[in-house]
Amino acid sequence: MKTTEMMETYPAEINLDRELLARAVETLVTCSQACTACADACLSEEMVAELRKCVRSNLDCADICDATARVLSRHTGYDANITRAQLQACVQACRSCGDECEQHAGMHEHCRVCAEACRSCEQACNELLAAIG
Amino acid sequence: MKTTEMMETYPAEINLDRELLARAVETLVTCSQACTACADACLSEEMVAELRKCVRSNLDCADICDATARVLSRHTGYDANITRAQLQACVQACRSCGDECEQHAGMHEHCRVCAEACRSCEQACNELLAAIG
Amino acid sequence: MKTTEMMETYPAEINLDRELLARAVETLVTCSQACTACADACLSEEMVAELRKCVRSNLDCADICDATARVLSRHTGYDANITRAQLQACVQACRSCGDECEQHAGMHEHCRVCAEACRSCEQACNELLAAIG
Amino acid sequence: MKTTEMMETYPAEINLDRELLARAVETLVTCSQACTACADACLSEEMVAELRKCVRSNLDCADICDATARVLSRHTGYDANITRAQLQACVQACRSCGDECEQHAGMHEHCRVCAEACRSCEQACNELLAAIG
């Protein structure tokens, strides 16, 4: 991804560490893509009826990660309150989706890989929250 | 919009009042559309340089409202923690965007209309948060 | 929705009829919301295994309608080629999703209502395409 | 990104080459993020008034790339007509945005990097279109 390269070209000041921000954005878009793919993989499983909650968590997590990645990609007119609240929602979505996927990780590789993506994303959001204060 | 009609067709139980939910979803998609349009209208104003923060608030608010509307449109495997956190982020985004647009409401009709949409949306999210508890 | 009101506040020229555009945007966001809700309702049905293709069509249609509604909500630096191509993709998504939902309309109310939304949206996009030429 | 890893875990058949698909999805999310960041960077430039069209192209391209990446991340109930039409819209959006950004590439690093992302994305979409036939 070109996230770091783009982050370095922002022509004004950024209140947060650019490398930390770039890493968070990358983790978010990776998690969003994994969740979209995992929802679809669950849908194709024979036992789809037992994966309903997993599909739903995946869809929510994908939408919330996407919105969060976009907010973090903008620096003009920075508003810490929005960034903080959206990161908190994202931590929640990643935790729930990671928990749900983990329960199916032994049986479904897509859930195992997706759970990893959710855990990384939860951590990246928490690190950024700590930096924002 | 067909939001109420769709909400009534959901074949299982919903933990929240369907009418309240449908109203919130409609207010969210209305606000998102208004914010997307307001960002673009600001961009075309001669004084665009003074509307930078407004464009940014509009873009964030549109993305966050969209994600929130999608979360609220799903009921399968309901997770109050995600809904609550995302609603709180949305309240924050609508408040910030409403405040910003309000400052230009006297000069720009699009900001005046958009500020109204943000205020309605902030209120609808707060009502839903109260119902979730 | 405030779509018409927002459309009227755009401070520069718009190459297309504002009322036609506003109607298309409203139909698109209505369709997107109906598709998101229908995917979730399908997911909660006992016979979810037979609704896999319907869920998938719904998710695609929701994402494509959202992108199309955003493109049509912007007028600054208008590019007919993008608008046309995205409208054509949307016509395709609405047709496929409408066809799929229609097959389940007799059994599932959410599919019946969603199919209606898809048909209206396909038509609104086609009308706009005719106006663009 | 975990795109390739996720693509390999899809439990049923995929009509297209998984590696080609994974590469396209990664290029799309990279382009979307670059466009979101470039729109914001343009907004913070002193000469923002001359970058209006660039901001608009960036916003459209981000939304269209996001929708396309999501469609390509799903394989259940594959519909070549939707994939093809959405890829064609994406080629158009990437070409327009790449052309616009290129005009400012000599003056703004973010436009130079973003133009590269758009060119790669246009090419990846065209390769996938050729494979779909």
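Chains here go by letter, A, B, C and D, matching the order in which they are written, and residues are numbered from 1 within each.
Criterion: a residue touches a chain if its C-beta (ideal position, glycine included) is under 8 Å from a C-beta of that chain, and two chains touch if they have at least 3 such contacts.
Remember, predicted model here, so these are calculated numbers, not experimental data.
Under the contact definition stated at the top, the chains bordering both chain A and chain D are B, C. The interface holding more C-beta pairs in contact, when A-B is weighed against B-C, is B-C.
Annotation: 27 Å between the Cα-based centres of chain B and chain D.
For the pair chain B and chain C, the distance between mean C-alpha positions equals 19 Å.
Those residues of chain A in touch with two or more other chains are numbered 40, 43-44, 52, 55-56, 59, 66, 70, 74, 76. Under the stated contact rule, the graph of chain-to-chain touches is complete, every pair of chains being in contact.
By the touch criterion stated above, chain C contacts chain B in their complex at residues 1-3, 5-12, 25-26, 29-30, 32-34, 36-38, 40-41, 43-45, 62, 66, 69-70, 73-76, 108-110, 112-114, 116-117. Residue ranges on chain A touching chain C, taken from their complex, read 39-40, 43-44, 46, 48-49, 52, 55-56, 59. Residue ranges on chain C touching chain D, taken from their complex, read 52-57, 59-60, 63-64, 66-67, 70-71, 74, 76-77, 79, 81-82, 85-86, 88-89, 91-93, 96, 100.
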